[in-house]
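Here chain A shows up in two complexes: once beside chain B, once beside chain C.
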Partner chain A sequence: METLKGIRLNVGPVHPATHGVLKVVVDIEGDTVNKAQVEMGFLHRGKEKMAEVRYFSNYYPIVDKLDYVSAINMEVLYASLVEKAAGIEIPPRAVYIRTIMAEIQRIMSHLVYIGSIGEDLGNITGMFWALRERELLMDLVEEVSGGRLAPMYMTTGGSFYDLPQHFDEKAEKALVRVETKINKDYNSMFTKNQLFLMRTKGVGVLDRYMVKKYGITGPNMRAAGIDRDLRKSEPYLAYDKVDFDVVTGEDGDANSRFMVRVGEILQSIRIVRQCLRDLPEGPYVTKTPWLMKIPDKRTFVRQETPRGEMAMYMITNGGTQPYRLKIRSPTFFALRALEEILVGVKVADIVVTIASLDPVMGEVDR
Partner chain B sequence: MIFNVIYGEVARFVTAGPAWVVTMLITFVLVFAITALVPIFLGWVERKYSARIQSRYGPVYVGPFGLLQNFADIMKLIGKRAISTNVDRLPYEFVPIVLATLSFAMVLIIPFGGANLEFISVPYSLLFLYVFLAVSPLLVLMAGWGENNKYAMLGGFRGVGQIATYELALIVTMISVAFLAGSYNIVDIVNGQSGLWYGAYLPVTLIVFALTGLAIIERAPFDIPEASQELQAGWKVEYSGIRYGLFLIADYVRLMIVSILVVYLFLGGWLGPVLPGFVWFIIKTAAVLLIIMAPRWTLPRPRIDQFIKFGWNWLLPLSIVNLVMVGGLLLI
Partner chain C sequence: MKEYFEKLKGVLGNKVKDFGVDGTEYSVLLVDKKLLKTAAEIIRQDFDVLFMLAVADYKPKFELNYVFSSYDKPDTIVIRTYITDRDYSIDTLTEVFDSANWEEREAYDLFGIKFNKHPDLRRILLPEDWPGHPLRKDFVVTDEVRNWTGLDLKF
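Entry: the complex of A and B
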């Protein structure tokens, strides 16, 4: 039996700072981590199995709770999967509505990230400020769909409802406010705050080599300087018709991961504005039967969600339910890297490193 | 001092022997009331203040402007059942009582806005206050050990490192002020500032004192030993009920003592033109309190190694340089 020098500390699954039910078992000596083991699966609900016993249309409420911080992105992904499998074309207005809502959801998700990293650094005001700005966008989602966290807005062939009247004015109001807050107020709290920089610079470095080794995608990858974004490289929805930049960092540490997300919020605001300007008239949904059969087929769809490249692979066998649905979740791979990057950090940096990877356990454990 | 005033009043009705006892009882009740009311009022101020910073309302329902909210919270803490398993009973019970008693003692000897407005006058009151503030590493370690919890022990270790680092800088800054005044008595120090405030002589010492004071009382953002994110509540994690309430009382009383000390040592205490001394004291203390409350709600917490390095590399050398400068000033 191995003897343990120092203390074995269970961080999670009910630790207040681990963002859900992530458990990290760390061996510490003094205040320094010697070894870290990540345990996942506390929120496993068998979502892939659930898909096999539900009709295609009845799986939308389940994908909502997959990554509950960016539910609309999940809905868009699953809707695209079903449409690709069934060969359904969606009208141009629905494409734009999906792009707008997905980007609004991306801003909301990144705001939650900003708030939670502030909170994990001991700065609760950051959380309040970020949620205050998120609330404006949350109101938009509520007005559009009737739901807030799990909006249930997308459906096969388009969306459940059209955008409400004067939506563009209300959205513009909220976006201007978010933009000014991020460009002005957040400088003093985050981006130019010396204590914040002290705590995040050089913490939890994920360099290009490790990114490739662990298969990390999304903002965590772009923070290491890799210029890859599915919205650019293989455009889906209306992303090839709008103009935006891919934000990349340099160092791959917690600070550049943070800055990449702040930059992505500003880019998403640009995308939403362009889409609202170009929003075409016409139908917002292609009517599809509630109970449909999809022929023997293998379908693969991947999209850029706020947390990285999320993919779904579906095998259908001509029935009303999929034979198998496989979900690739981006933060699952990022969390695997924790075992390497947590070694040698101080206890205080554990929570910052975890928060900077932006895990949502609903999506990791599925 | 207030004790003598009360004794004078009591002695008119009672004979000498019982008069001492009665006076002591009255003083005890008064000091106890102040010690208990400080966290209730300061807690309300802080909750409202932080609510303004965070775009919230803060307490509104209990009492006018939510003034009685903290009273209700203390009542709730008293009523709560204390749950503790596998604790080392002696240090576990000892620490909250001692911390509360220390804050009681600090209220007893500090003047409240006037030369005669202290309960008991002590010749070396500044040194006494320092001792009451700086005894806490021992208590933090005892609590961390006695709770039999890994998080608490980590918090205890951190607390010892942090407070031991900073109390050295604190005593050096206090000594430099005492040198200028030629006395360790707070009343003499304040009276020595009738010409120019010591804060004008020693602006750097003022900042060093405020920072070290915040570090000693573990005030956020320097609440590293009780970091509520990574260590949940650090060395306080196993305490509940009124034991935790005693910690809250000690926290707020020590916060008030530190801001009063900033006013007395550097900002001229109760001295000021036109208005009576007590009003000046209130104005200055309120201003200092609001300034040193703000970082808790606006700054992230530094890491323990960064913070201890900052103490040894910057604050301690700065305060020693200041002490040497004061010595030079006195020689000239």
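Entry: the complex of A and C
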């Protein structure tokens, strides 16, 4: 047993600032963290095991709860996996519908991020604002799919329903509102707020070297200045037909991670607008049998979800169920960096550092 | 893509076999699990991280799929190897790829594979006193699992 100076503090697992059930054990001396240990598994529901006893088409409700803040992205990823394994082509309209819904979900996910980091800094107004804007998009998802948090909209071969009538007008209305709020109101609350800048600048620096060491992806990686986005580098869905920029930061601290996500919301709005403009007519789903068999093969798919590069590796053996489904969670890798970046951080900044990595324990623990 | 395989073949000879390209993913079979670290050191020259480690239980052997990825290019390479002997052990890659640390802990947790010389081989997702390794195909829900309360854990 090592001798401990100062005290050992449990942050979590049931703590409103850890965004779910993450537990961090920190050794504190004075007001500074000396050592941090991340413990997880409190939300482990055995989703990989569940895949082995379910038909391919019965797994969609489970992926919804994988990353419950960006459920549609999870559905798109799993649907792409099954389609790649079974060799199913999806119609062009379904490709665009998926792109639109995935980007709307990305905006919603980043708005939750903005809100929760505001809440962790004591800025409750910021949280309510972000959730208010998210509600507009939530209404769109509800209208399209019937669900809100776990919409279950995608299916193998396309989507369950077509987009409703006048969807483009309603979406445009919501997007304009989100865009103006981010460009104007959020400046006073976040991006140009001195208090916010003081609390986030230079906190929890995650530089390029650490990003490559830990295998961190997504906005956390782009905030360190690495220009990489799977939507650009290996385009899937309709991302090669739309025009958008990859947002990168410079410092890799909590503030640049925040700013990257704000920038990505604006880029996602651009993508949704272009897709709604170019939305082709035609069928929205390729009919596939409910029970299908996939031959003996291994399939690997990775996509850019709001939290980074999520991947699935499926081993099939000719049956109606996967033999093994492995899910790669991006925040699983990001949380490991927490043990390094929390060292030297003040106690009050612990929650900001955790929140700035945007962990969702549903996908970490699976 | 082919050049990575040629590089591996140059050192390891006929111990590696080619599975072919599928999209951006390139699969290689490594016949002898003892050569894994040597192969990883060669791959380290071109790739940055261990992207994921997908283990599958084919009783009585285990299949390990190491997916490597790079930050500068879209290529991925998959090294597949098998554990056939009864000790369920393989060399760790943490010295070559630091990102392997938690992936290997997860494989230990869910499959019971022992990674030799791993710096911190503990359970990660399940509680420390959990009976058995649930992703193995022969895992059955015993009374011990059913009656597990977690009250014995130190918190």
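Note that in this section the second predicted complex is superposed on the first by the 366 of 366 C-alpha atoms of A that agree within 3 Å, B and C clash if a C-alpha of one lies under 4 Å from a C-alpha of the other, contacts with A are read in each partner's own complex, and residues count from 1 in each chain.
Criterion: a residue touches a chain if its C-beta (ideal position, glycine included) is under 8 Å from a C-beta of that chain, and two chains touch if they have at least 3 such contacts.
All of these numbers come straight from a predicted model, not from anything done at the bench.
Colleague: Which partner chains sit in contact with A:M40 here, chain B, chain C, both or neither? Use first/second/both/neither.
Modeller: second
Colleague: Give one of first, second, both or neither to describe whether A:V53 is in contact with chain B, with chain C, with both, or with none.
Modeller: In the superposed model, A:V53 contacts neither chain B nor chain C.
Colleague: Tell me which partner A:V14 touches in the superposition: chain B (first), chain C (second), both or neither.
Modeller: In the superposed model, A:V14 contacts neither chain B nor chain C.
Colleague: Looking at the overlay, does A:K346 come into contact with chain B only (first), chain C only (second), both, or neither?
Modeller: first
Colleague: Contact-wise, after the overlay, does A:D365 reach chain B, chain C, both or neither (first, second, both, neither)?
Modeller: In the superposition, A:D365 contacts chain C only.
Colleague: Touching A:R328 in the superposition: chain B (first), chain C (second), both, neither?
Modeller: Second partner only.
Colleague: Once the shared chain is lined up, is A:L291 touching chain B (first), chain C (second), both, or neither of them?
Modeller: Touch partners of A:L291: none, neither chain B nor chain C.
Colleague: Quick one: classify A:E234 as touching chain B (first), chain C (second), both or neither.
Modeller: second
Colleague: If you lay the two complexes on top of each other, which residues of chain A touch chain B in one and chain C in the other?
Modeller: none
Colleague: Can you list the residues on chain B that touch chain A in the complex?
Modeller: Against chain A, the touching part of chain B is residues 50, 53-56, 150-151, 153-154, 157-158, 220-221, 223-224, 227-232, 297-306.
Colleague: In the complex formed with chain A, which residues of chain C make contact?
Modeller: 22-25, 27, 48-57, 63, 65, 67, 69, 71-72, 74, 76, 78, 98-99, 101-102, 110, 123-127, 134-135
Colleague: Please give the residue numbers of chain A that touch chain B in the complex, ascending.
Modeller: Its residues touching chain B are 7, 9, 11, 15-17, 28, 30-31, 118-126, 128-129, 132, 188-189, 193, 195-196, 198-199, 346-351.
Colleague: Could you pull out which chain A residues touch chain C in their complex?
Modeller: 40-41, 44, 46, 48-49, 211-215, 221, 226, 228, 230, 233-234, 298, 300, 302, 309, 311, 313, 315, 323-324, 326, 328, 332-333, 336, 365-366
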